[in-house]
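Okay, so subunit A shows up in both of these, paired with subunit B first and subunit C after.
After this line comes the complex of A and B, so read on.
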C-alpha cells in the first residue's frame, strides 16, 4: 500500500465481502438443504440455517448411490490420468527439446493442434473409437490391402479388436490424449541452460540418465502443478464417462452419479423430491477436488497460468 | 535452437511413440472420422455409408431447431463471459490491493474452479427450484411466476448464472496474476505523480490488462461451448421446449439418443470450425500478449 486510504479500504472490504456472498450463497443453500429433513427441505420459503440431519442424509445418500466403489473408481481414473499425463508429457517434451532430428517441428505442431479441439467437440467419433481402439489400424490394413494379403498367405482372418467400453483404460486414455502438459514441460525444458546438458554429457550421461537424474528432480514443481490440474480435470469428467460406462455398478464415477440424482418426474415418480439427499451427494462429490485446490493452491495457480488451460 | 543436443536415436523415437500413437488413435482418427461421417449417410445398425456430399450440412442448417440451438449457445456464451469476467475483474482489482485478509479472499474466490459442472448444475437446480429454493419467496407472493420447467427465458437465465458462477474463478486467477505482475515501481511512480488509487486502476492497471482480457475473452467463449454440457444436463436437461439445447448438448442428443451419427457429425464439424476459428484468434492475441510484457 502506498498511501493511507481508510474510506477506500472499507469500500474494498465491503465489495469483496459482497462478492464472496454471491459466490458462497448457492453452495451454502446446497449445504443447508443437505442438513434438513424431507419435509423441511420442501417447505417454502427456503431454510437458511442448517438443521441437524447432515450425517443422516450423508449416510443415506452414500448408500443410495453406492458411492464406495465409485469413489475407488474415480480415484483410480484420476490417478491414472495424472500419472499417464505427467509421464507422457515429460518424455514427449524431452524428446522434442533435447533431440535434434528432422521433422521435429512437424511433430511439434501435430501435438500442438490437439489443444484446439476438446473432447466434447469430437465426442461421437471418439466414442466409436473407444468401442474398438484398434479400428484405425484395421481400417489401414484393409485399405492398403495388407489384411487381404495376410488372409491369402496365412489363411488367418485379420480382425483386430480392443473394446475399451466399460474399462478403466477406456476412461483414462482419451483424457490423456491432449497436449496440455506437454507444453508446460516444453517451456520448462527450454529454460534449462545448455551448459547443464554439456556438463552431463561430459560426465558420460546418456539422454535417459540426464532425464532421470537431472531433469526430473529439477521439474518437481512442474509435476506438482500438472498433477493438481489433471486431478481436478479427471475427477470432474462427466460426458465421457457417461457414455463409455454403462456398467455403473462396477466402473461408475462419482460425478456421473449426479445425473441420476436430479429430482424430477423420472427419479421421484411424482413423489416429493428428495433434495436433501441430492444435495448431500453433491457435497460429497465436489469435496475432494476442492480440498486439492485449496491445499495445493500455489502449484495449482502456477500450473494453470503456465499451461494456459 | 539448442547447441548441445543429443543425437537422434531409437531412444528419441521410443520416447515420442506413445504420445503420437495415442493422439493418432484418440484425436486424429476420430476427427477424420467425423469429417467422413459428415459427408456420408450411415445406417446406424451397419450396412455401409453412402456419399451424400453436403446433404447433411444442408439438412442441419435448414433445421430451425438447429438455429435456435445456435442462438441460445451464442447468448449463453456472451452472457456467461460478460458476467464472469466483469465479476472476476472487479474482485481481482480489489483483492490486488492486498489489504488484511487478502489470502483468505483469494482462496474463497478460487475454489469454485474445482467444482464439477454437473454439481454446479444440480446445486443451482435446487437454488432455482420453484418449490424449495430462493425463488420460493417470489412464488409465495406471486404463485407460479417462477418455474424453470415452464418458462424458457427463466431456464436460460438459470444456466447463464450457473455457468458464470463456474467461470469466475478461472478468470479471477488470470486477472490477479496479471495485476500482480505489474511492476511496483510503475504504481509508485504513478502515485508520486498524484494519481489516486481509482485513477491508477483506470489509467494504469486496466490498460496493462488488455492482453489478459482478450485472452480470457476467447478462452471463456470457447469453454462455454464445450464446458456447458454438465450444467445443462443436470440443470434443465435441454428443456423446456428445447430452450436450453446448447450445441454440444444437441450433438450428444442427436448422436446418442437419436442415433443420427451423420447429423451429429455435421454439427460437430461446424462446432470444430467455430472452436478452431476462436482458437486461431486466441493465438494471435497470445502472441500479442508475449510482446506486451
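After this line comes the complex of A and C, so read on.
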C-alpha cells in the first residue's frame, strides 16, 4: 500500500534524513580528523571543518603500519573466502535441492542450525583444529584403537599434523563454510521450475552440465549479492586473524593493523594520542568494501532490468 | 522412428497407485493422443515413456528395446512441455541447439541445423531473442524446434497447447499435425481437450483413473464409445444418458416413466437388465409434442451461432439437444424429442460397459451442419 498524505511524507522523510545523519556524521568526523594536525585533533572543542593535512596523515599512517603488504594479504583472503563460499554454498545447495537422498532434510537442518553459531562462538575448537587440521582424524584413530594397532604392529607412532596457523589457508578455510550462502542458493534453486530440470534431462544434460549451463547463469545476480556481502564480511574480519596470525609482517590483515593505530595507553605510552593517523588509516581501509558495494550495486540493477523470466 | 510397447505398466507414488496394468502398443510413425481429465494418469504415462519417472512394475520398450532402466537421453525421445520450459538465459538459437551442444556436435554444423530447424517452424528472424521477449505462440515454436532438431525416434507432447489462446491453439494444432506428416516420427500427445484429440490423432487413447478405457480411431470412439465414461467424455456437448430397463420381449428399453425406446437388432438381450440409453445431442431432433419418442420441457436455449443447444428436462433428468432451427419457444414450453433407433447407445447401468445391440450407429443419419455447430 502506498500512502499519499503530506504529513506522512514529511514524517518518512524526516526519519530518512535522521538515519542518514546518524550514519554520515561519524564518517564526516573521521574524515575531518584525518585532515588535521596532531595539535588540532587533540584540541577541544571538536573541529568540524577539514584542515589541509590529509595527504601528510595518509602517508604517515601508511608508512607506520606497512599497509602495502597487509592490503595484498587482506585482498587475497577476502577473495579466497568469497570464491570458497560461493562455490561451496552453490554445490551444497545443488545437492540439497536436486538430489533425492536419505537424510536430505536432516543435513539441511544441520547446516541451517549453524546459522546461529557464528565463528566467535566456536572459536576455541576452530583454533584447535587450525593448529592441527588433522586432529579430528587423529582423535578418531585414537578412539577406535587403530593408532594403537598400527603402533604395535609396525612400531610407527601415528601422529598426524597439519598446522594452518600463520597461513592464508588457515585464514580462509574456517571462514568458508556458510549456512547463509547455502540457504540463499537453496531458496533460489527451489524457484527453478521442475520442467526446466526435465527439459535439460531430455536434452541429455547430466547434473553437472545442468549446474554449469543452466543454474549458474540463472543465479548470476544471486552470486553477485552473496559475493558482495561476503567480501565485506571477510574484509572486516578481526578476531580470527588476530588469533591465527602471529607473524603480522607477512600475514597481517588490515583491520587488525588498524586497531593497532587506535591510540591507547599501550601504544602512545602516555604521549599525545595520534587520532589523525588512526582516522586517515580508517579512510583507506574502508575504501575497498565501499568500491565493491558500488561496483556490484550497478550489477544488481542491470540484473534487475534484464528480466529474463 | 520406432514403435512403443507398453506392457502391464504400474506406477505408484508411496502408497498411492497412479496407474495400474496399462498395456498399449503404439505403431511406428503413428500419432497417438492420450485423452483424459486431469489426474487420470495421462501425463504420468508420458513421463514414464520419457524416462522422467521410474516404472514401478511392467515394462516399456521403444523400437523393440526395453528402456525401463535407460536415462531419458538414451531413449531417443524429445518432449514438448506444457510451459515450454525454455532456458530463460539462452537465446532462441541457443535453446534450440542446446541438445546438440550437449551431444558435442561441432559449432558449424550446429549453427546450420539450428537455422534450418528454426526456419521450418517460422522462427528464422528471432534467433537472437531471449524467451522473455517472445509471445506465447513463438515460445511454443521454440519448444517444438528444440524437439525437432534432435530428429528423435519419439515425440512426446505434454499438453503443449493449453497455455495458448483459442485461435493460436487451432493454428498450432495444424502446425503440429503438418510437422508430424513431414517427419513421421512416432508421436504421443497428452491433452484434456477432446477437440485436440479428435483432430490430431490417428488413434485416441481415453484414460480414466489410471487405466485405459478405450483405444481407437477418433471416429470409432465417437461412434462406439466403450463405456458411459467415454460416452460422456467424447463429444461436445456430452451424450445424454437415460436410465431404463431392458424388455427383451419388446426389443426395447423401458424408461422410468414407461416410455419404450426400440433398439436396433435387439437379439440376445438380457431381460430385466438395468441399462442406460445414450443419445448424442446432435442426433436428437426437436419435434411437435407427442410426435417424438417422448416429451420434454425446455429449460434453457443456448445460442451457438451455427446451431442452438436446447437444454431440456425429461422426468427430472437433463437432456440436451442440438438443432439448426431457431425455435421460437420460451423456456417452460413442452416439445417432443425424436431420434432413430440406430442412434442410441446401450450401456450396462451396473458396469458402465457398452452393450452391442447388433447394429451400430448408422452413418447416414449424421448431419454435418450439426457436427460443425458442436465443434
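Here is the rule we use: the second predicted complex is superposed on the first by the 275 of 309 C-alpha atoms of A that agree within 3 Å, B and C clash if a C-alpha of one lies under 4 Å from a C-alpha of the other, contacts with A are read in each partner's own complex, and residues count from 1 in each chain.
In this section, contacts are C-beta pairs under 8 Å (C-beta built on N, C-alpha and C of every residue); 3 or more make two chains touch, one makes a residue touch a chain.
Note that the coordinates shown come from a computational prediction; the quantities given were computed from them, not determined experimentally.
Engineer: Of the two partner chains, subunit B (first) and subunit C (second), which one does A:217 touch, if any: first, second, both, or neither?
Structural biologist: second
Engineer: Go through the superposed model and pick first if A:201 touches only subunit B, second if only subunit C, both, or neither.
Structural biologist: both
Engineer: Please work out whether A:297 is in contact with subunit B alone, subunit C alone, both, or neither, and reply first, second, both or neither.
Structural biologist: Touch status of A:297: first partner only.
Engineer: Looking at the overlay, does A:244 come into contact with subunit B only (first), subunit C only (second), both, or neither?
Structural biologist: neither
Engineer: Of the two partner chains, subunit B (first) and subunit C (second), which one does A:209 touch, if any: first, second, both, or neither?
Structural biologist: After superposing on A, A:209 lies in contact with subunit C but is clear of subunit B.
Engineer: Check whether A:286 is in contact with subunit B, with subunit C, with both or with neither, and answer first, second, both or neither.
Structural biologist: A:286: touches subunit B, not subunit C.
Engineer: More residues of subunit A in touch with subunit C or with subunit B?
Structural biologist: Higher number of touched subunit A residues: B.
Engineer: Report for A:29: first if it touches subunit B alone, second if subunit C alone, otherwise both or neither.
Structural biologist: First partner only, subunit B.
Engineer: Look at A:184 in the shared chain and tell me whether it touches subunit B only, subunit C only, both, or neither; answer first, second, both or neither.
Structural biologist: Neither partner.
Engineer: Does any part of subunit A touch subunit B in one structure and subunit C in the other, and if so which residues?
Structural biologist: Overlap of subunit B and subunit C footprints on subunit A: residues 195, 198, 201, 308.
Engineer: Give every residue of subunit C touching subunit A within the complex, in rising order.
Structural biologist: Going through subunit C, the ones touching subunit A are 50-52, 71-73, 77-79, 81-89, 98-99, 102-103, 130-132, 146.
Engineer: Which of the residues in subunit A come into contact with subunit C in the complex?
Structural biologist: My answer: residues 193, 195-196, 198-205, 209, 213-214, 217-218, 307-309.
Engineer: Considering the complex alone, what residue numbers of subunit B touch subunit A?
Structural biologist: 1-9, 11-12, 15-16, 18-20, 22-27, 29-31, 33-34, 37, 87, 90-91, 94-95, 97-99, 101, 105, 107-119, 121-127, 129, 131-134, 136-137, 139-140, 165, 168, 170, 173-174, 177, 187-188, 191, 196-198, 215, 219, 225-227, 229-230, 233-234, 237, 248, 251-252, 255-256, 261, 264-265, 268, 271-272, 275-276, 279, 286
Engineer: Show me the residue ranges of subunit A that touch subunit B in the complex, using the header's touch definition.
Structural biologist: Its residues touching subunit B are 1-3, 5, 8-9, 12-13, 15-16, 19-20, 22-27, 29-30, 33, 41-46, 88, 91-92, 94-101, 107, 110-111, 114-118, 120-129, 133, 135-136, 173-174, 176-179, 182, 194-195, 197-198, 201, 206-208, 210, 232, 235-236, 238-239, 243, 255-256, 258-259, 261-262, 264, 273, 275, 278-279, 282, 285-286, 289-290, 292-294, 297, 300-301, 304-305, 308.
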